[in-house]
Amino acid sequence: MAEGAVRELRRWGVDVSGIRRTKTGRLGIYFLETGANQRASNVVYDREGSAISLAKPGDFDWPRLLAGTGWFHVTGITPALSQSAAHVTLEALKTAQQAGLRVSLDLNYRKKLWNYGKSAPEVMAELVRYVDVLIANEEDIQKSLGIEGDTEGAVQGLTRSVKKAYPNLSLVAVTLRASVSADRNGWSAVADGQKGFFVSRSYAIDDIVDRVGGGDSFSAGLIFGLTQWPGQEAKALEFATAASCLKHAVSGDFNLVTRSEIEALLGGDASGRVQR
Amino acid sequence: MAEGAVRELRRWGVDVSGIRRTKTGRLGIYFLETGANQRASNVVYDREGSAISLAKPGDFDWPRLLAGTGWFHVTGITPALSQSAAHVTLEALKTAQQAGLRVSLDLNYRKKLWNYGKSAPEVMAELVRYVDVLIANEEDIQKSLGIEGDTEGAVQGLTRSVKKAYPNLSLVAVTLRASVSADRNGWSAVADGQKGFFVSRSYAIDDIVDRVGGGDSFSAGLIFGLTQWPGQEAKALEFATAASCLKHAVSGDFNLVTRSEIEALLGGDASGRVQR
Amino acid sequence: MAEGAVRELRRWGVDVSGIRRTKTGRLGIYFLETGANQRASNVVYDREGSAISLAKPGDFDWPRLLAGTGWFHVTGITPALSQSAAHVTLEALKTAQQAGLRVSLDLNYRKKLWNYGKSAPEVMAELVRYVDVLIANEEDIQKSLGIEGDTEGAVQGLTRSVKKAYPNLSLVAVTLRASVSADRNGWSAVADGQKGFFVSRSYAIDDIVDRVGGGDSFSAGLIFGLTQWPGQEAKALEFATAASCLKHAVSGDFNLVTRSEIEALLGGDASGRVQR
Amino acid sequence: MAEGAVRELRRWGVDVSGIRRTKTGRLGIYFLETGANQRASNVVYDREGSAISLAKPGDFDWPRLLAGTGWFHVTGITPALSQSAAHVTLEALKTAQQAGLRVSLDLNYRKKLWNYGKSAPEVMAELVRYVDVLIANEEDIQKSLGIEGDTEGAVQGLTRSVKKAYPNLSLVAVTLRASVSADRNGWSAVADGQKGFFVSRSYAIDDIVDRVGGGDSFSAGLIFGLTQWPGQEAKALEFATAASCLKHAVSGDFNLVTRSEIEALLGGDASGRVQR
Amino acid sequence: MAEGAVRELRRWGVDVSGIRRTKTGRLGIYFLETGANQRASNVVYDREGSAISLAKPGDFDWPRLLAGTGWFHVTGITPALSQSAAHVTLEALKTAQQAGLRVSLDLNYRKKLWNYGKSAPEVMAELVRYVDVLIANEEDIQKSLGIEGDTEGAVQGLTRSVKKAYPNLSLVAVTLRASVSADRNGWSAVADGQKGFFVSRSYAIDDIVDRVGGGDSFSAGLIFGLTQWPGQEAKALEFATAASCLKHAVSGDFNLVTRSEIEALLGGDASGRVQR
Amino acid sequence: MAEGAVRELRRWGVDVSGIRRTKTGRLGIYFLETGANQRASNVVYDREGSAISLAKPGDFDWPRLLAGTGWFHVTGITPALSQSAAHVTLEALKTAQQAGLRVSLDLNYRKKLWNYGKSAPEVMAELVRYVDVLIANEEDIQKSLGIEGDTEGAVQGLTRSVKKAYPNLSLVAVTLRASVSADRNGWSAVADGQKGFFVSRSYAIDDIVDRVGGGDSFSAGLIFGLTQWPGQEAKALEFATAASCLKHAVSGDFNLVTRSEIEALLGGDASGRVQR
């Protein structure tokens, strides 16, 4: 099973040579019950005893794994799994920072996961100190960092508070999901960076095919944008928002859209006309 | 096949010990062609010669079957099948009334079924005399009882007319489906009871997964509410409307949502956000 | 495979006795990647070397094939495939015209197909001279005939230009698709005929099941209408628009709706209520 | 639904213009539970009240329906459904005989169907008097006609008895299924005709895909053979046996194999080698 | 998820009121990769941290749970999961014995499960002391109890050794699977009981649909037989062997065959002929 | 589509960096109709105009592509597609030979492909001169090389003739498929190498899941064996035969079995027992 997951990554061109195999620990899985309309989707996590939750500092040779790379991305799901996984995350972040990599973190708060005795803020607060680009939604920031915006709905106040609390952050990106129903969302994002505060175009997504992976697609698009067009924070934000908007039309976890599809959407074509 | 249906009921905790098996008669079935947008769904009934349509008074030992229960619910589909099935329905209703049970009836008018020589009002008018709680939509009331409201669109006038014609009714609940298209409906309900006339919250259901079973879910929710919170007619109405709203997000005939999902919707969360 | 396609036509009552079988040439196919929301559907044509693209004048005995028929319909896809297929199309149109048939042509411009060295207008301009009823959308007219309307958005100006350039045309029908997203379109049509300029009712199609075949359904509905109710151009237009509106609720290429479903929609019932 | 069945017939080139549509009566259906190994497949018939069971003499204009044809084939399932269906069958057979058609009958004994008060022999005995070619298996002959062979296992004795009892029969064909298990059968047939008693090649069918329709395929193959090669009874028998052998490799009721596949098997290639 | 499993049991009429729900522990699952021919099926267990593996003595109120029942059956899979699950099993067996129930145990040796530090014989040897009817295959006996037969292939020697080592056993049943390939097995069983040593009929199963659950079906059939026909050990053995033979024709874990199907096989009909 | 095929290769760890993409030419495909029992599977090739059939000498930089590799394998399907593809094959073989690689060729005769005007022997005879290890079945040798064995059935005579005609060959491996039916084959192979003439174990494959890819699996296993255990021709032959035997239990073109599964079969376990 785990080998199947590795092969799926390899299919999409991910370098899988750094994956560590262990004798103990399961492959963490989850079950998804897909909602519709007023009925929410429901995730049942089955990650107890998973290999990653059993990982501990020293298990990974971070300097070697990070050698030759320019960016290191981490999700807040890993430190939610267990104390030792949180330690491994910290270890990795420190190594990456020392190695001079750009480091991004998606807070990814998951209420159902934080149950090993620590609250999310107790753990996440320290991790964020080693991060350069922070990605989150409004609830993530409140639940993972304990930071509330100064005014209701004022997302700029929120990002300002985050940057004040963590001056190491060069950019805070916040995705904004307006959930009308399980299959109808508004989708946009903001970025509070070094060049200013930017608000992306807003998309009305009316027939969501699969919203799982929407946030990950945003992170991927943002990292791509920031590395592809250094310093062009607004452009990277728009790219990330468009990429993750399109993810909602793709079934499964992976954002199987091409760069040219994203650029067509950025160019203004949201009409969904058949290409033939 | 019939045994499979019995097992499906048992799966969901229904007491199936009172089901009667016969040597003659088929299992009634129907075929559903699912529509979309402007195209209506289409039901083809195949219930001729079904066991229930062949049932006749005396076939069921009603006093024994109803012993120890507090509520008896009947659908208007049964008396639509055959003269003898109508007689069985009447027999059951009388027994239930005499036994002091609360009795509910969902009119469930089905144009394609009433073809054994009687019109719906000829049969239903008498049945309703033994009922306490009547459930219907506006068309049901007109077609099954021959009662029109006093003004166009004034549902309160309609329920008032029904209660006037049938003073035995303590509560008349009417579901209101605003069909924008095959997969986009408005959904709400009213109840004209002993405590007053109540109008439920209204839901916009924009991507219907399956609307079959919506009315049955309303009935089930209403009976649950009226027995759970006696006398709280408005609360029971809201519970029934929310429960049946959520049914539209579930594929198949059964409303596989939990009480906590219904209460979350009643509590105001119609956003369909992933629970994780 | 080709025999399977022939059988599928025969299933729906199409006379398949005139289909010509050859030893050379493949069955042309295409692949469809279905989009959603902002993500467009994508068609990959795989029609190189197909039997129809290899057809050449003389291959079909047009006088015999057209004998006893009253209408001949052609799609602009055929002349897009190859020079010889364009020649066959011209040969057929001339024969049909001489035989006194009514002749319709759906321009069906497909950017991905025109790659044998001729541009669409170079080929289509001559073909249209033999046509009586022209069917198209706005882009088709521009790309296939090189005709732009006199003002932005003024479709009547466009049909007037077409009729002026091709005085042989008795009717020009233009379908108007307002693509909000891949699964949400507005749908209407106009006809500039002998009795005047008519605008059809407009339909909001909010949850498209499959839009492939929408244009073909319009053509079929229009031909049916014009032959069923000669001279009633407005009525034929409404029938064609309603028929093709309903096609969007049917999966697959074929418009499997009945005449009575179309007439129910024309009669004003777009509510999609279950028929039972 | 019934129209779907008609279309499926038309797909395969069957002339469906003689099918009669009625306002009363269902489309008869059956349910099949597929067995394997020692577990038998199980058929649940749901044919009560079907249109064909309600048919009565005079409903079909047999002289017109049979005009211009050379062969009339009937299955013993029809007279098993109801007394009036049996009368219709008799009416048809008489008309066919008088019209000088060749007439074949497949006895097709179905224990679960004969329940309208007559036993199979009471009805079938008369029908067979109007038949030219009788098709059956050993159990059919015993159960439908009440004829036992003179010795156990001696099929020639059985056909001899049948021909003695019904001198009008020019040929009696008997299929021989050796049921090792639900998916492993031996398959062969004999024909007792005018040119002698012939025994077909025997096939070991070891991984049955679907045996439903095996007998019908035999009938079809035999009729094809006897009309294609008049008087060549052995050749027709071999064709029928090979055709129906191949049916066991095809899922569904229809024998979707080609004449050339049958002839390849007759030519000795039972190896199932990939053709490429 | 766990509720779904409970409902599936209830569907088949199992009393589920004694199932204990806990806040900790997952639902144990396994993955099955189905083999064919020379390729073996492969089971990947994912039962670490499952609720049953976390159960400990005292968690179940055995006297209450066993009250009013006559038979208690246990599988050797439970004590293979964890030390505490083994303790719970022992506790249950002791209570059942003291309550005067008949107690059966299927050894069900699973190599991949015994990994908490004890070998199977260290645990199972004590458990078997509280058992009346032991069910196993030859490998189970060797691996779970460390008992080898006196001669190769002599299963009677093996059961004799088991009964000698455990004089408390009134009957030892051994299933004999002759694995020709993944989808071709011979299947039979023996019982060494109080009335003698019995050998069942042997079945050749040539196209296995699903062999998972074969052993459980044997246990169920044996318990049914021994309670239905007390003292008729040979009859119970034949019933169990036939029932589990038929399981191989059913997809899934449950033996969805009826008593009458089993009795038809016992009556000699292994031909798999269609019942119609 | 072609990118999907590339990704599937990458999933399984194949280095895809040498694949050449062109603007012209389709992705060659084929359609498979799966047979059973006496009914053969049927392949319909749709490879006209495919990119590989349009390839011509000079398109591939063979010296660079082959640098750093030790073995080059070619299939006889490529030169069957077109004259230019045959030229490319020859070009590749010559380059590989000069580079000192070991070169293997699977003759893979496909009657339906050779239709560009050359017969298979006219083309293949020259190609084989540059080959070291030849892989084929008996029909391949006869049809591709025009070589018949000296006696019927004597495969050793056949390989001897081949090696005499092509003294450059160090090893000729011949797979022997005994087609009992479409889903029942015997499977074995021989190798006439430098150490002698070896006959593999023979496998009875009774329920073929998918035989497509059986020959390719043999080639892969043989190349693996000859490189893993140089000079151990018999061992390599047994590995290849066992690997390809197991392929018949896997659906799809790829042999998704592990080395340990192959070695278990080689170790004598062909019982298909569940591994748990």
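Labels for the chains are A, B, C, D, E and F, by order of writing; each one numbers its residues from 1.
Please note the rule applied: a residue touches a chain if its C-beta (ideal position, glycine included) is under 8 Å from a C-beta of that chain, and two chains touch if they have at least 3 such contacts.
Predicted model only: the values in this text are computed from it and were never measured.
Asker: So if I look at the partners of chain E and the partners of chain F, which chains show up in both lists?
Answerer: The common neighbours are A, D.
Asker: Given the pairs C-D, E-F or C-F, which one repeats the contacts seen at D-E for over half of the pairs?
Answerer: Checking each pair in C-D, E-F or C-F, only one repeats D-E, namely E-F.
Asker: Among the chains, which is located farthest from chain E on the basis of C-alpha centroids?
Answerer: C
Asker: Only C-alpha atoms count here: how many degrees separate chain B from chain C in terms of the superposing rotation, rounded to the nearest 5?
Answerer: 120
Asker: Distance-wise, how many Å sit between the C-alpha centres of chain A and chain F, to the nearest whole number?
Answerer: Those two chain centres are 46 Å apart.
Asker: Any idea how many Å lie between the Cα centroids of chain A and chain D?
Answerer: 65
Asker: If you average the Cα atoms of chain B and of chain D to get two centres, how far apart are those centres in Å?
Answerer: 47
Asker: Which parts of chain F, given as residue numbers and ranges, touch two or more other chains?
Answerer: 206-207
Asker: Every pair of chains that touch: which are they?
Answerer: A-B, A-C, A-E, A-F, B-C, B-D, B-E, C-D, C-F, D-E, D-F, E-F
Asker: With touch defined as at the start, can you tell me which chain E residues reach chain F in the complex?
Answerer: Residues in contact with chain F: 35-43, 45, 110-112, 177, 179-184, 206-207, 211-212.
Asker: Name, in rising order, each residue of chain B that touches chain D in their complex.
Answerer: Those in contact with chain D are residues 1, 26-27, 31, 44, 46, 48-49.
Asker: Over in the complex, which chain A residues touch chain C? Could you list them?
Answerer: Residue positions touching the partner: 203, 205-209, 245-246, 248-250, 257, 261, 264-265, 269-276.
Asker: How about chain A: which of its residues touch chain F in the complex?
Answerer: Its residues touching chain F are 7-8, 10-13.
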